[in-house]
Amino acid sequence: MYSLSVRDHFMIAHSFRGELFGPAQKLHGATYVVDVTFSRPELDDDGVVVDIGQASDQVTSVLASLRYRNLDEEPAFVGKNTTTEFLAREIFDRLARAIHDGELGEGARGIASLRVTLKESPVAWGSYEGQL
Amino acid sequence: MYSLSVRDHFMIAHSFRGELFGPAQKLHGATYVVDVTFSRPELDDDGVVVDIGQASDQVTSVLASLRYRNLDEEPAFVGKNTTTEFLAREIFDRLARAIHDGELGEGARGIASLRVTLKESPVAWGSYEGQL
Amino acid sequence: MYSLSVRDHFMIAHSFRGELFGPAQKLHGATYVVDVTFSRPELDDDGVVVDIGQASDQVTSVLASLRYRNLDEEPAFVGKNTTTEFLAREIFDRLARAIHDGELGEGARGIASLRVTLKESPVAWGSYEGQL
Amino acid sequence: MYSLSVRDHFMIAHSFRGELFGPAQKLHGATYVVDVTFSRPELDDDGVVVDIGQASDQVTSVLASLRYRNLDEEPAFVGKNTTTEFLAREIFDRLARAIHDGELGEGARGIASLRVTLKESPVAWGSYEGQL
Amino acid sequence: MYSLSVRDHFMIAHSFRGELFGPAQKLHGATYVVDVTFSRPELDDDGVVVDIGQASDQVTSVLASLRYRNLDEEPAFVGKNTTTEFLAREIFDRLARAIHDGELGEGARGIASLRVTLKESPVAWGSYEGQL
Amino acid sequence: MYSLSVRDHFMIAHSFRGELFGPAQKLHGATYVVDVTFSRPELDDDGVVVDIGQASDQVTSVLASLRYRNLDEEPAFVGKNTTTEFLAREIFDRLARAIHDGELGEGARGIASLRVTLKESPVAWGSYEGQL
């Protein structure tokens, strides 16, 4: 299995609901470092998993819809705890849709699976991985 | 598949038996950076893989039983080479038992698998991964 | 010159005022990775720059007054842009005061200078450095 | 599953063919940081996945055949785009052959799979993973 | 003293002349991770060392003149060994000129010194630091 | 001022004397990641701070005298706490002597200062810096 990964980051504010979260129930924020891994069994005709330029641009584009936001006020997240794991899945879904819609080019239709990892601090990170 | 990872570290002394190990047959030591990844197919009701506070505390608690020790003198390791791979498995087993015993809470029973990685230097690391 | 450095981190929400800041004028947040370096010309009688346990505890204590806060609502920061550089200086001042007040022990009075670096993302960080 | 990983790096010049690659069609170069992960279900009699010394030496030996080269002039790569993903596979194949030929020792025949990751920059990396 | 640092990277091909350089006398290449640190004794009216957006753009602009090049063919470097230290100085000079020419804004004229660090591999880096 | 830095690492066992050190009074160990920075105002005739090959070899040679040792049994350290800061100074002194003795070549006599940093964990490091 071949993989290609790209890294980007974004900064947001949010708060969590539930005693479990302790002081993180207060409005705070995070810098999320985002690693996206695209995997497929064979390379395309150019010898790549995906056009790294298009892949990076698409990741940047998805993150632009979250960057510098207070996630507590985003309609898409009403009633949700925007935990690291939850956000990884959200970004996974948006990228999967973009691939399906052909936004990473025809060649990208050969991508078999995707993993999205969000690092919230030097000691904690979450991810979501799935088939396309 | 969702994952949550936490990082901690510990420092120990030990030596290895077997010509294979060359100069590492002498008493020396290591700083091990430990990454533990908890995975499960669905998030719990709070939107998390596991309570990150409880997870971190449990990892710290398991590492406390190794930290600042000379592993050559630990009864649990008599006759064993405490290699990086071996220690990854040992920590995996202790964490798996803690999850099974409910020490990470009822929600943690949904955890499907665990991976423990020990980084011994910038150029070498070992891990153990298994189902729960 | 000898130095000892310790690392910790904290997460906050804030916003900036001024066109310069573009989209960062909106409420967002950050994970700040904090490196504090204590320097002095000679080691103390124990052979250290400062007791690393006390140093780490003091850094953690200073960061506790910022952690999980919305800095826009902190009385100490009214009318201020809590930029990375500004926060580095703020933490410097609080640590300098703690050293002066003897909270890191008598030996710590030999510390000659302090540097505080805050990493806000993989591609940007700020610091403040000064004599004590 | 147990794993052991070692890291090395090498520097090369090359260029790519295809509009997809934009300015990277010109002769340029890269530092590749190479992580090789050896995996197997059980440890050998010494308590290791593979002799880390032999593993490191073998990786160094494989990279020596690429290091400080202009890959555009390597007979092995005529008509190929030496992308990060492609090179990961190439190194995988050479290591798999070495293991098969017994160059990592008899114990290494228990290795079940191999993953080779090449980091080309702080924001992009590629890998190839397969069974032996 | 306050500092602000930004990171970027670029990839080039080059070769060195002189027996000292051993195999690096052949055409090869490198990924350089570039850290630029701007320092000044006081923050400007916005509470920053320099507008981080303008600083990042200027660094990117300077690196654009080197990126994806074969440095052996650059007129500016004829008869020079484009070592890591040499390139750090070159980038320093180009940024110093841009600051002097007002390309980072009027506020940037308060910048007192600059440090440019180029990381060529996980085990080697070079830098140049000077007053403005 | 120009600088060149190289990185290596070594693993040792040791213990500390003094209540200050708490559980670290027991025999334990560490992996030390060592960064050595050589600085000088002008480059030599080859366009370098120091021959990176000779510099790396000399650092490796100095570390070889410590690697895989129990520092409590080293005659050179009798009655000393081999703290991170102390070891940084020790390595500084050994490298300074090697430069003075011409072991890094005649060109290396232009080196003006040296900094040695030892990272003992992801959250703690010490260093010693001085003129030559």
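Lettered A, B, C, D, E and F in written order, each chain numbered from 1.
Throughout what follows, a contact is a pair of C-beta atoms (placed from the backbone, for glycine too) under 8 Å apart; a residue touches a chain by one contact, two chains touch by 3 or more.
Model, not experiment: these values are computed from the prediction.
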Legend entry - Chain whose Cα centroid lies at the greatest distance from that of chain C: D
Inset, instruction - Go through A-D and B-F and name the pair with more C-beta contacts between its chains. - result: B-F
Legend entry - Centroid spacing, where centroids are CA-atom means, of chain A and chain C in whole angstrom: 30
Inset, instruction - Give, as an integer number of Å, the spacing between the C-alpha centres of chain D and chain B. - result: 27
Legend entry - Intercentroid distance (Cα basis), chain F paired with chain A, Å: 41
Inset, instruction - Enumerate the residues of chain E that touch no fewer than two other chains. - result: 7, 122-123
Inset, instruction - Going by the contact rule at the top, pick out the chain A residues touching chain D in the complex. - result: 1-8, 43, 46-49, 51-53, 56
Inset, instruction - Spell out the part of chain E that touches chain D in their complex, as residue ranges. - result: 7, 9, 11-14, 23-24, 26-33, 67-70, 120-123
Legend entry - Parts of chain C lying in touch with chain E, wherever the complex brings them together: 18, 20-22, 80-81, 83-86, 88-89, 122-130
